[in-house]
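Next up, some structures in structure tokens.
Note that subunit A is present in both complexes that follow, paired respectively with subunit B and with subunit C.
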Partner chain A sequence: MTDTFRVALAGNPNTGKSTIFNALTGANQHVGNWPGKTVVRRSGWFVHRDTTFEVVDLPGTYSLSAFSPDEEVARDYIVRTQPDLVVNVLDVTNLERNLYLTAQILETNAPLLLVLNMQDLALRRGYRVDYEKLSQLLGGVPIVPAAAAKGDGIGALRDMLWHLLQHVVPNETPINSLPGENDHVAFCPHCRAL
Partner chain B sequence: MMKSHNPSICPLTMAPLGQDVRLCQLCAGRQMAHRLAELGLTPGVCLRVVQDAGGPLLISVRDSRIALGRGIASKLQVEWMTGD
Partner chain C sequence: MLLSAPTAVRYSANLEAEIKSLERLIETLPQINGRYPSRWLAIQLLEGDTRLFAEWGEAEQGVLETAVAAAHTRLQAHYGDDVDLALTDERYLFVHELVEQVLTAPREQWSLSDRIDRIVTNRWLGIPIFMALMYLVFNLVQNVSTPYLDWVDGVISGPLTEWTIAVFTFLHAPGWFISLLTDGILAGVGGVLVFLPGLLVMYLALAVLEDTGYLARAAFVMDQLMSKLGLHGRSFVPMILGFGCNVPAIYATRTIESRPARILTGMLIPFMSCSARLPVYVVFGLAFFPRSGDLVIWSLYLMGIVIAALVGLVLSRTIFKHEVAGILVMEMPAYRWPSPKRVLQYTWHESASFVRKAGSFILVGTAVFWLLLHLPWGVTDVRQSWFGRASGAVAPILAPAGFGEWQASGALLTGLLAKEMVVSTLSQVYVGEDGGGEAETAVSAFSWSQVGDIVVGFGAATLDAGKQLLETLTPGITLFPNDEDGTGAELTLALRRSFTPLSAFAFLVFVLLYIPCIATIGAQIQEYGWRWALLSVIIMLIVPWTLAVIVYQGGQLFGLA
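== the complex of A and B ==
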């Protein structure tokens, strides 16, 4: 029996959400409009380990306070529609601003996974992130580092999505990632898999 | 000649290019103030004008760059020490 899980990609504009969406869904996507709005709706699906994931690429937003129709769409989907998991994509070179939305999503108690994208840019600029500390400070939210434009981290993301939807509440599971230049691996300390 | 350190206050649109300034007041309504705060522009924050060709301004605030329309930028009162 295959289960279907609904996953939403949320985050600031220009963080690579659409790049990740394309990498996950490939040709299995559909472009339309959100009902009653002129905002573009991109949704798609992929199958991983016998589980079907429906993915919605939400419009970029800086916060859950909506000042425009596309921000309203993003806010309503997270707060009202409530997907099975919110994947918050962050630009790791711009963490301070990006984390503002993260803090708000945490307050909604939505199941959450962070993707810290643009690792390649961060390495080039000499930034290093302490993932464990960051995860701890955010209440144990799982984190996957990525450089989506180069395809790094997409496999780890699929695995992590599958894992989180098998386990209990994702926010209780602290996730580490192995440091290293090309090592975009995330693993779950509970099942020691991946 | 003695160098004097005087505080200067002016709208962001009149701040020297590249000068590190501090946001001391937002002369804007609640919604605008909220929107700007979401982008990182809170009272007391340090910022810098990176580009100004007469139209919108490109500013550097916290760890990101944002573009502000001239009208909005003129609502930001900033201060800095002359002699810095």
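== the complex of A and C ==
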């Protein structure tokens, strides 16, 4: 498989988006500017199971309203460049505020994956999230729980990306145990192959 | 598409009807259809986003504008003029209901973060706490970096220069080439590197403050004050950075969301007295205000802030008149312990980009300056060089401010490269080429003891820094523990012959307010474009001249000399 898949990381500031970006791409990073903007553009790549993924770390924003250069960059990338997948990183301890951006990304119709980050903090504070239900309510958006600061969930995210983009996921079959990670079960109940 | 279409927000029936009809209209416009998701575009248009109009032909633009206006009229009965707010509200409602169904949280309670915030962002305590923290940071920067600064300076102007001379003399390189290498390039590189210790400490301190989450509170606390200048609370941190070095401060304005506010902040930053100006204040303070030197220096820092505020007031009411600063909406991330890895990464990244960007400018600048000093070819008297002649030409303009001698204007000209060069130029033209002559140093060759000295010197600097660090954390610190060295005394005498206390103060006011250095302008060009940088340069010439003249002439009126 020689295809390269383009994955964009979106999310509010302080959600651990950059941590996830670093964990995914390691040393394979390129830092520059977005064309015509002074907004920093960070991109990188990684290979997982013989598939190359190009990752673009979009600026952290609270909305896609294009009020600031950061928002404009994020929104233009999602709407115009149209990556193969938008990975929306959320802070579970601030789920309500973080989901606003998600609601806006959903409106762009972009293929979406949610990473619910800061899982460890949420657990310690006594938050419980019903991921299966969240995924259902959003019409089958795949979800990967993670605690990126500790490296948890990164393996599951890689596998999920590979499953979604490279491998055809059988209809209605939850991926309950992805290899590599046992504590953080990523699932995708309603992914359909087209 | 690879994935199933997810479920997005369903709006109220009347909004959905308008979205649907706009969607259908978009799909009939071949110019636009397919370029964006049509439902998304319909919602954007209803929200009043006109930014995308510019990308289409006039025909499509007209059709859509009419349709959107009609939709707004139909919706007016329900939502008034706030259709955009209605859409936002419903999105929040969607999210809220979603969260209700999937999240079980413990009963809401005041977290430690919230409790800290009640004190730190308190209406009365917020600003004093912020000021106290900033004072601590600056003491830290000053005290910890000074020993390293001396060390870097010593290594570059000492052994490194001597070795270069020795090596190239051995290779029979022409004298002018060695002079370009040592007086030009090495001195220039050194000029950048001496700031590095201070900047490292400053970036480290700021990274810690940022990573703990405090810096977000600082911006919030300062917002009210800054909004009077047409700025955001966010503008405050870059301006604070400006006290260390204007160049990274200009780059730091990237965190400000609105472009006008960003540019305005970038134009005010140069009035923040950067650390390179301090040596000039100290030298003049020692010569003319031996007893009240600290006060003079403080008054200069304060004057910089006041002038920045005034210029900000004027600009925000003239050039940036129509640009509303907007409301500051920002997140207060929960406090957390700083992660050493993130802090070090930030420090490294910022310092490296400073060295890269400032370094390239200074390198070119020093080479040009060296050329100006040595042209026409074979010139021996500094005054006859292009540099001397240019200084002479500028001098009369500065006469009303009380320092119309070519030496003073020459020092100001070299100050364009880096402010601390004002001092070295003054000592060069007043005291003359004393010590460190080429013939003398060319004899000394490489010796291992010098390497030893460098290592020992670094150890001593570290020890010193540690001691200073302890002093910083204990009250009762002396702010400027400078001692007068030999050449300093000579310079003091020369300065006293050429300046009066009044003209010296006017000179310092000028040094405070005029163009900080070419690297700052370079940063402005890069961040805001040529035109804004040019405007900034013009301001940084008119304001200092006016102020210096007012100080000098006003002082004379009141009988000061």
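Going forward, the second predicted complex is superposed on the first by the 169 of 194 C-alpha atoms of A that agree within 3 Å, B and C clash if a C-alpha of one lies under 4 Å from a C-alpha of the other, contacts with A are read in each partner's own complex, and residues count from 1 in each chain.
Keep in mind that, in the parts below, contacts are C-beta pairs under 8 Å (C-beta built on N, C-alpha and C of every residue); 3 or more make two chains touch, one makes a residue touch a chain.
Bear in mind the structure is a predicted one, so any value in this text is a computation, not a measurement.
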Subunit B versus subunit C on the shared subunit A, clash or fit? clash
Looking at A:70, would you say it contacts subunit B, subunit C, both, or neither? Reply first, second, both or neither. second
Of the partners subunit B and subunit C, which touch A:100 in the superposed model: first, second, both, neither? both
Now for A:129: first (subunit B), second (subunit C), both, or neither, which partner does it touch? second
Is A:112 in contact with subunit B, with subunit C, with both, or with neither (first, second, both, neither)? second
Determine, for the superposed model, which of the two partners subunit B and subunit C contacts more residues of subunit A. C
Partner chain(s) touched by A:140 [first = subunit B, second = subunit C, both, neither]: second
Once the complexes are superposed, what residues of subunit A are shared between the subunit B interface and the subunit C interface? 62, 65, 67, 93, 95-97, 100
Quick check on the complex: what are the subunit A residues that touch subunit C? 12-14, 38-40, 62, 65-70, 79-80, 84-85, 93, 95-97, 99-100, 102-104, 106-112, 125-131, 133-134, 137-142, 149, 164-165, 190-194
How about subunit B: which of its residues touch subunit A in the complex? 31, 34-35, 38-40, 62-64
Subunit C contacts subunit A in the complex at 1-9, 35-37, 39-40, 43, 47, 49, 51, 91-92, 94-96, 98-99, 101-106, 254, 257-259, 329, 331, 333-334, 339, 526-527
Of subunit A, residues touching subunit B in the complex: 62-63, 65, 67, 93-97, 100
